[in-house]
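Same chain, two partners: chain A is paired with chain B first, then with chain C.
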Partner chain A sequence: MRKEIPLFIMLVCGVFMAVQFFVPHELPALIYQNLNKTVQVVGAVALVLGIVSLLSLHFAKISKRQPGYGYSYILVVFFFMMAASGFLPAKVNLGPFLGTGDRVEGSFFLNLYNYVLTPVQATMFALLAFFIASAAFRAFRARSVIATLLLLTAVVVMLGRVPIGPFVLGDWISDLADWIMAVPNAAAKRAIIVGVGLGILSLSLKMVLGIERAWLGGGR
Partner chain B sequence: MRKPLLLGALVFLFLFISTPAQTPPAPVSDLEAIDAPDDAGNQVDLNWKPSPDETRAANPVIGYQILTAPAVDSPFVPIGTASFGATSATAKDGLKNGRPYYFKIRAYALDSSFAESEVAGPVVPQGSWWNTKPAYIRIFIWMALVVAFILYNIFLAGKKELYIRPIGGINAIDEGIGRATEMGRPILYICGLGDAAQAATMAAFSVLGRVAQKTAQYQTKLIVPCYDPIVFSICQDVVKGAYLNAGRPEAYNEKDVFFVAQDQFPYVAAVNGIMLREKPATNFYLGQFYAESLMLAETGFEAGSIQIAGTDQLIQMSFFIVACDFTLIGEELFAASAYLSKEPEQVGSIKGQDWGKVIFAGLSVLGVVSVLLENKIHFFGFFKKLMINE
Partner chain C sequence: MKEFFQKLLKIDRRWIFLITGIAIIIPFFFFIGLPIRATREVRALYDAVEALKPGDIVFYAPEYDPATIPEVQPMAHTFLRQVFRKNIKVVASGLFQLGVAQAEQDLTLIAREMGKKYGEDYVFLGYKPYPETVILNMGEDFRKSFPTDYYGTKLDELPLMRGLKNYSDTKMIVSMTAVSGADYWIRSAHGRYNIPLALGVTAVMATDYYTYYQSGQLFALMGGLKGAAEYEQMVGIKGEAAKATLRMDIQSFAHLAIIILVILGNVAYFATREKK
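Up next, the complex of A and B:
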C-alpha cells in the first residue's frame, strides 16, 4: 500500500488536471482552485518540517563541533532574532539604532530586513557579473572551428547590443545582432521548447500511468 | 428696469417656441440573446443591429445600456454598457447559472433621451463541459496523437528491443556516481528553485531516485540541499525509498537531505559553502534554475567537481553549457530517468517522444509550405485554415 496509494492519487489528480484544461465549466475550476489551496496548506506544514530539519542540522553541527560550526551559531542566532522581531509588541522601543516593535518603517523587523538581508542578497547577486566574466572567458576560447564561430557570434551580438558598436562600426552591426537573435537563435530556442513540451507530456504520462516510479524510490 | 426684464422674457419665449423638440433615437433591432459558449457559465452573449440614429447629425445615439430581468413583466435593471458602434456584448454581472433571464438594450441619445429594444429571452446560462474553441481542439488532437504514439511505443517495447540514441549527458550520470565512489567524496544533488508541481522538478525527483539507488549500492554519500519545503519533504521520501529498495535502509541518513532557505541568494550562499567545504566529486543540477545557475556551476568548477546539469529554462541552459561538463538539453532532462532505468516501457516512452518530434517537424514544414502556397494549391489553403487560423 505504500506505493499503491500515492500512485492512485497521482492517477486521479493527473487525469483531472489534464481534463480540466479542456473543460471550462465552473465545477472543475472550483476543484482546481481548492487543490491549489491544499498545496498552500501542505506547503505551510512542510515549511515547519523544513525549519526543524534546518535547525536540527545546525544544532548537531554545533554540538559535535564540526568544521565551520561557528557559521551555524550565526544562523541559529539570526534565525531566532528575525523570528522574534516579527513578534515584538508594537510598544517596544529598542532605541534609535535598532528600531521599534511595530511593523512600520524604522521598526526592528524592517531594519533587519532592509539593512541586513537586502544588502547581503544584493552583494550575492552582484557577484554574478564576475561569474559571468570567468565563464565567458572559458567558453569563448577559440580552440576549434565551432568555438571560434561561437566567439565571433558572441562578439557580434555584444557589439550590436551596446551603443559603442553601432557608433564605431555603423548600424549594420546592430542589424546583424538583431538578425542572429531573431532567426538562428529563435529557431534553436523553439526546437528546444518543442522538445521540452514533448518531454513534459511523456514524463507526465508515465507518472500518471505508474510506469515511472523513481519518484517513489523505484522498484515495482 | 422693467423693460429689459420683459424683453428677456420675450426672447426666451421666442427661443423656446422656435427650437424644434429633440426626437428620441430609434431603438436597436434584432436583439438576440444566447448562452455564451465555451465558458464556465454565468454569461450571456447579446447581438443586435445598431440604432440607425447613430449617424444622424442632430441628437445622435452615443451609447447603449444592457438591461436584464428574471421575467418579462419584472422591472429591468441595468447590468452593463456598450459603446457607440457596438453590435454585441457579453452580459455577466449578477447572472447565475440555471436561472432564466430576459434582456433589453437601451439606446441613449446625446440629450439623454432613449429608446428600448424588444425583449430577448428567456436565456438560461449554463457552464460548458467541453471547450470547442479551435485552439483547444488543436491542442487536444495534438496531445492525443503524441500520447497515442508514446503508448504504442511502450506497448511495442514489451515485444521487441528498441534502439535509442546514446545521450552523453545521461551516460555521464553513472560515470559521475562512479567517480564519487572511487574518490570517496560525496555527490551533491540540487533540484533547483522550482516547486514540486513543475515538470522539471518532477524530472529531478525521478533522476534523484535513480541516483540514490546507486549511491545506496555503492555506499556513497549523497547530499541534497533543498530550496522549497515541499520539495525537501519529497526528496527525503524519494531518497529514503531508494535506499529501502536498494536493500540498504540503514545507510540512509536523513540529515543528508535538508532544507536550506526559500530565498534565492541565501540558498546559493549556503550551497556554494557546502561545495567549497565538502568538495563533492560530482554535482547534479537538475530542475528549474534562474540567476543562481552560473553562481552554482562556477563554484562547482572551482571546487573541482564533475558537473551534470539539466533544466527547461532556456537562458540558464546556456550558462550550464558553458560552466558544466555535461548538460541535458530540452527533453533529455525528462528522458533521463527512463534512459537510466533501461526498462522496456521507459525506453518505449522515449521512442514515442521522438516520434512526437518527427510529427511536429513534419507539421512545421507543412505549415511553412502552406503559408507560401495557400493561394496556389487548394490543399495548402485548407491546411493553413485548419492548423493556423483561429
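Up next, the complex of A and C:
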C-alpha cells in the first residue's frame, strides 16, 4: 500500500487537472481552486524544510570552524535580521538609522533592502559587463564556419540593437538584427519550447499512469 | 609585428576591464542622444494603452530586483506614467521575493509624481509564495490569494477593488519582469483566462519571448534597455526621467568597445596562426 496509495493519488489528481481545464462547470473549478491552495500549503512546509536545512548546514560550518565559516556568520545574522524586519510591529521605532517597523518609506525593512541588498546586487550584476568583454575577446574567434557565423551574428545583433549601429552603418543593420531575432532565433527557440513541452507531456503521462515511479523515492 | 599580436592575444584581462570601463564611463559625461528606432512589438504596448479609456483598469505585475533595475525599471516607470496620465487605474502584484519592495517603491513613486491616490487609483496586492498558483487563483478571484493588500487593508475596503473580481474585470496584464515568472503569466494568465498580455523583459530574456509574440500569446514585447528607450520616446518622457534613453549612449559605446576588442582578437589570431 505504500506505493499504491501515492500512485492512486497521482492518477486521480493528474487526470482531474488535465480534464478540468476543458470542463466549464463550477464543481471542477471549486476543486481546482482548493487543489491550488493545497499546493501553497505543501510549498509552505517545503519552505520550512529549506530554512531548517540551510541553517543547520551553516550552523555546522560555524561550529566546526570549516573554511569560510565567517560567511556563514554573515548569512545567519542577515537571515534573521531580514526575517525580523518583516515581522516587526508597525509601531516599533528603531531610531533614525535603522528605521521603523512598518513597510513604508524609512522602515527597517526598506532600509535593509535599499542600502544592503540593492548595492550588493547592482555591484554583482555590473561586474558582468567586464567579464563579458573579456570572454568575448578570448572566445569569439573565427576558427571554423560555425564559429564565424556565431561571431558575425553576435556583431550584427550587438550593433543593430544599439543606436550607434544604424547611425553609422544605416538602417539595414537594425533590419538585419531584427530579422535574426524574429526568424532564426525565434525558430530555434520554438523548436526547443515545443520539444520541452512534448517531453513534459510524455513524462507527465508516464507519471500519471504509474510507469515512471522515480518520484516515489528509492530504498525499501 | 607577429610578436605584438602574440602579446595582444595574451593581454592581461585587467586591460580589457579598463577599456570597457572607459567606454562605459565616457558617455556618462557627454550625452549624444543618438536616434532610437521604434519597433512594432514596443509600439503595440503604447497603442494598446492609448486605446484605453479613463477609468479602465489594468493589471500590472512588476517582478524585477535591484540587479535588473537599469533595464526593467525605465519600462516600468514609463508604463505607469502612461497609464496614470490617461487616468487608467492599476492593480498590481509583486510575485518575486526580491522585487516586492522594489515594486512597491516604484509604484508609490510614480503614483505620487502623477498625483494618484492609493485605493482609488491604484492598489498594491503584494507578495504570496508560489507565483503560478497565485496567478491561477487570481484568475478566479483576487481575494482567494490576497484577502488583504500589501499594507494589510481588506480588499473590499479599497474603493478600486469593490466590484473587481478577477482578471476579466481588467483590460490587460502587463508584466515587467526579469525572472521566469513571465512563463507563468503566459501559461496561466493568458493561457487559461485569455487575458491580453504584454511583457517587458531584460535583453537576455527577450530572445526567449519573440516566439510568444509571434504566436499572439503576447500582444506586445519590450526587450532590454532599447525597448525601454523606444517606449520612453513614444510616451514623450524627457530629461532626467528618460533613464533608458540616457543609458542607450552608454550601451552603444560598450557594445562598440566589445566589437573592437573582438575584431582585434581575431586579427591577432589570424596573424599569429601557424600555417599547416
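Going forward, the second predicted complex is superposed on the first by the 188 of 220 C-alpha atoms of A that agree within 3 Å, B and C clash if a C-alpha of one lies under 4 Å from a C-alpha of the other, contacts with A are read in each partner's own complex, and residues count from 1 in each chain.
Criterion: a contact is a pair of C-beta atoms (placed from the backbone, for glycine too) under 8 Å apart; a residue touches a chain by one contact, two chains touch by 3 or more.
Predicted model only: the values in this text are computed from it and were never measured.
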First (chain B), second (chain C), both or neither touched by A:Ile31: neither
Partner chain(s) touched by A:Ala182 [first = chain B, second = chain C, both, neither]: second
Partner chain(s) touched by A:Leu152 [first = chain B, second = chain C, both, neither]: neither
Partner chain in contact with A:Arg161 - chain B first, chain C second, else both or neither: second
First (chain B), second (chain C), both or neither touched by A:Ile132: both
Partner chain in contact with A:Ala84 - chain B first, chain C second, else both or neither: neither
Touching partner for A:Gly50 - first (chain B), second (chain C), both, neither: first
Chain B and chain C footprints on chain A, overlapping residues: 29, 39, 43, 47, 120-121, 124-125, 132, 134, 136, 138, 189, 193
Chain B to chain A touching residues, read off their complex: 38-42, 97, 127-131, 136, 139-140, 143, 146-147, 150-151, 154, 197, 199, 202-203, 205-210, 212-213, 226, 228-230, 232-234, 237-245, 254-255, 258-266, 268-269, 273, 277, 291, 294-295, 297-298, 312, 314, 317, 319, 322-323, 329-335, 337-338, 341, 345-346, 349-350, 352-353, 356-357, 360
Chain A residues within the chain B interface of the complex: 22-27, 29, 39, 42-43, 46-47, 49-51, 53-54, 56-57, 60, 67-68, 71, 120-121, 124-125, 127-128, 131-132, 134-136, 138-139, 189, 191-196, 198-207, 211-219
Chain C-touching residues of chain A, taken from the complex the two chains share: 21, 29, 33, 36-37, 39-40, 43-44, 47, 103-105, 109-110, 113-114, 117-122, 124-125, 129-130, 132-134, 136-138, 140-143, 151, 154-155, 158-159, 161-167, 171, 174, 178, 181-182, 185-186, 189-190, 193
Interfacial residue positions of chain C with respect to chain A in the complex: 11, 13, 16-17, 19-21, 24, 34-37, 39, 65-69, 98, 101-102, 104-105, 108, 128-130, 133-134, 136-137, 140, 144, 150-151, 192, 203, 206-208, 210-211, 214, 224, 226, 248-249, 251-259, 261-262, 264-266, 269-270
